[in-house]
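Below, chain A partners chain B and then partners chain C, in two separate complexes.
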Partner chain A sequence: MKKITVKICFGTTCFVMGSAYLQDMLETIPVKYGSKVELIPAKCLGLCSKNGEYSKAPYALINEDIIAEATAEKIIKEIEERLQNEN
Partner chain B sequence: MKTDNQAVRLKKEILVRLVKSFFSEDFEKNVHYIPYDMRPKGANVPFRCCIYKERAIIKDRLIADLGFAIEEDDERSLLSEYAHKALSRTNNSSKNPLTVLDTACKGCTHSKILVTELCQGCLARSCQSACKFEAIQIINGKSVIDSTKCKNCKMCISACPYNAIVKVSAPCEDFCPVDAIGKDEKGVTKIDFEKCILCGKCIAVCPFAAVHEKSQIIDILKHLKKESKIIAMIAPSIVGQFPGNIYQLKSAMLQIGFSDVFEVAMGADVTIKKEAAELEAKIKSGKKFMTTSCCAAYNELIEKHLPEIKPFVSETKTPLFYTTEIVKEQYPDSIKVFISPCVAKRNEIGKNKDIDYLLNFEELGAIFIAKNIEIEKLKESFFDKESSGNARNFPVSGKVAAAVSKETKNIDAKAFILNNLNKPNISLLKTYAKSGKCNDYNLIEVMCCEGGCINGNSTIAPYKTALKEINKLTNNDK
Partner chain C sequence: MFIDIDCIQKKKYDQHICGDYFISKRYPEIGRLIAVLSDGLGSGIKANILSCMTSTMMLKFTEAGKDIQKASEIILESLPICRIRKISYATFSAVDCNEEGDVKIVEEGNPQFVWIRDLKVIQPEFRIISSKKFNDRNMHIYNIKVKENDRLIFCSDGVTQAGLGTEKLKLGLRREGLIGIITDILKQNPEISSRKLSKNIISAALQKEEKLLIKDDISAMCMFFRTPRQALVFTGPPYYSDKDNFYAKIFQNFKGKKAICGGTTANLISRELKIPVQNETFIPSGNLPPTSYMEGVNLVTEGILTLTKAYEYLDSAEPVVNNDPAGRLVNFLLDTDCITFMIGAKINQAHYDPNLPVEIEIRKNVVKKIAKVLEEKFIKKITFQYM
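Up next, the complex of A and B:
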């Protein structure tokens, strides 16, 4: 099974707009999913300027897919969907 | 408790847009268009009934961010006119720094107990027997509460087997510890500044984000832009509120235009020494206890609602006061800005003629975003003098008392931690003031926010991770 890679952006914009509240996931995700999911805390992914929209921050990347206005709930939902599709 | 939610994010987005407009070629025009940029023609309407209402509320939020009270808005003035006024004013007082947006306020009903349609008119009538105040009558086979007799004890709610009785709430009224917020005769929510202690709870709990701070951000931006001698004094609670460490944060602040940055923890080191000496003297002179005095909301509570506790309150000044004294000496003719986790400090800076403005963490974050500052990529800038770990621990509940206790040499300090200024805790303080003692404790630490300043109403990071970062920093210190 292919590992799911989750990158959460902790650049200044994402951090201030809400990813400060996602720091907790660095601890909870490995406990919950073990080796199935790799969570990488990222320095600025550049998505806020690429999309020209800081207002959609914080951003996360799940494999190659961009998650805008990321919340813990959104990220977990995306992970679960991918895990189900694998099975 | 401060949390991350849509309302908090919306407020931050508006602030970023305001700062971007400020640095644009035409501030007045661009501010005017912010509501239309955020909700353009045909856009989704995420929160309210229609796009016009959303724009109207965004406009009101901007008026508050520009430093004006919505209560004084004539609804005819354009945002560009407000922006012009903000640019040209020389004075923006921090008196009564809260404003309620009647456009954003949902108009929640007064908190009360209500019997819903789910009432089955049962034979048992447990609600009636549970009520000690005889407030429940059965009318047309259903329970009805007499609001003149009901004391909101909620016994009927637990007694009903159908979950038919509920408490309806106005969160601002529920959380205000001093009954300073409520509706006037027209049903509009108002803050009574004779009673308000600026604890900031209404800002944090209103689900519609209808209570706003009247900001001084434009006044500060003006000084940053024209490269005035402007000094930032950062509250110790700033640790963990931004990416990177505090030395990188100092670089970021220098980059946006501050001339120098001081840790308020410096002043906390002075507070610790003075307060410990004062505690020893007070206890030796026969007083049974002393309370700390660094929380601005607590100090306001004493002035407005708890004068009887004054003899027991430490006369030592706040860390911010001592920091300002140090800054004043080094930069006599500077503009001094306190970087704050909470609204309560607006009162304190208003009373200290040496401090010019307050910038809260969210406002500072908006400036970083607007100016594209990547804090973690910056080099570290160190402080002339490192503050102690004890001082840097000040924003954490229990740690002020711990620092003062550690510093006392001739007495055994026993600390009681009063964490959160809510109604029950205020009653406790009243009891201690009346009886002149607090069990066998001799030091009471009072913090308005649960968990300490790292849970202030303008914080960006959650309590847990902020605490972790502070521990990381203070463990490195001796």
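Up next, the complex of A and C:
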């Protein structure tokens, strides 16, 4: 099974727009999913400056898919969906 | 030569404020530095006012090149008189020096300074000037020439009298004890900064006190004449992106410590120099985004939030330095003598989203504020390069 990679952007914009609250996931995700999911804290992914979508921060990347206005719920939902599809 | 100077103080255990006062001023364009350490009569607020007035006036008189005897008499006449003791008094040590190593020192009442070269104490010559108006006011005047790696250490009598009356040190630490402490520290760490040396002297003096209660205000002012330690802070992408490579190369070729403040900036340098940026082992820092790692760079942090927090730390009365990214940036900045800021003028549009907190400042302004406090409070030499 391919590992799911989650990158959470900790660039300035994302951080103040909410990714600061996602820091806990760095501890909870490995506990919950073990080696199935890898969570990477990323510095600015540059997504906030693209195409005028400034206010959609914070951003996360799950594999290559962009998650705008990322929250812990959204990220976990995406992970769960991917894990189910794998099964 | 660069003159690294710092002073650490601790107040008497039962007072709210330190009665010793330290002030210094650097004149970067002529390589001159004046510093004064004064110890006010008694302790607490009263002593603080006396020493503050004395050191500030002494700095102004020295700056203007006034006759030292006249200056000290004017100061003594201006000080408010203690109601109990019917006298007004604050001792002082005033240093006027330049980067060529010419040092003039005037001491009145403070313990004699310690001059260290190659772990040995040099005993300088001095002449004495007595006040015509005030009895027992004798000033010791020294004109000395220091060499690179020499150190001068000035203390208030709280240091030399530390431990007075205790079993081990009936007469207190005294000058000999102080010299012992200094040489021990220097033997272990010959390159120690003035800040750390002052800190270590103060904590060693504190250890001598009974129950660790400081019986008098203690201050240690250290000076270290050395080749300057250079540092470079690169923050923000250049305005013209076709210059990215040019500036990245300047960053690469810089001789000294280096820091990058900004995620986009780190990406840019990584791209131009083909050095990967890696995530550091992540420790959630709460209020600040994490740091990263790049080979050949001492510190890689996020930009504006970290800079703003670092400014808060530097500006607070006693810098509270945590081990968060901003605290590490503060340590990086304080452990240097000359700092160059390369500031990219490109605007990050995303920072102007009205949904973002208003605290997000313009980079140039934050850096200017940091530079001002580094220059004025921590006596660093600052240069800017706008890109």
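As a working rule, the second predicted complex is superposed on the first by the 86 of 87 C-alpha atoms of A that agree within 3 Å, B and C clash if a C-alpha of one lies under 4 Å from a C-alpha of the other, contacts with A are read in each partner's own complex, and residues count from 1 in each chain.
Keep in mind that, in the parts below, a residue touches a chain if its C-beta (ideal position, glycine included) is under 8 Å from a C-beta of that chain, and two chains touch if they have at least 3 such contacts.
Given the structure is predicted, the values throughout are model-derived calculations rather than measurements.
**Q** Could you classify chain B and chain C on chain A, in the superposed arrangement, as clash or fit?
**A** Clash - chain B and chain C, as placed by superposing on chain A, overlap.
**Q** So, A:Gly46: does it touch chain B (first), chain C (second), both, or neither?
**A** Touch status of A:Gly46: second partner only.
**Q** Let me test your reading of the model: by the given contact rule, A:Thr12 touches which partner, first (chain B), second (chain C), both or neither?
**A** both
**Q** Where does A:Tyr21 make contact in the superposed view: on chain B (first), on chain C (second), on both, or on neither?
**A** It touches chain B, and chain C stays clear.
**Q** Let me check the overlay on chain A: which residues of chain A are in contact with chain B and also with chain C?
**A** 10-13, 15-17, 20, 23-24, 43-44, 49, 54-55
**Q** Help me check something: in the complex, which residues belonging to chain A touch chain B?
**A** 10-13, 15-18, 20-21, 23-24, 43-44, 49, 54-55, 69, 71
**Q** If we count contacts the way the header does, which residues on chain C are in touch with chain A in the complex?
**A** 262-264, 266-267, 277, 279, 282, 284-290, 292, 302-305, 348-353, 355-357, 360
**Q** Spell out the part of chain B that touches chain A in their complex, as residue ranges.
**A** 3-4, 8-9, 12-13, 16, 38, 241-243, 252, 362, 365-366, 368-369, 372-377, 460-462, 464-465
**Q** Along chain A, where are the residues that touch chain C in the complex?
**A** Contact set of chain A toward chain C: 10-13, 15-17, 20, 23-24, 26-27, 40-44, 46, 48-49, 54-55, 57.
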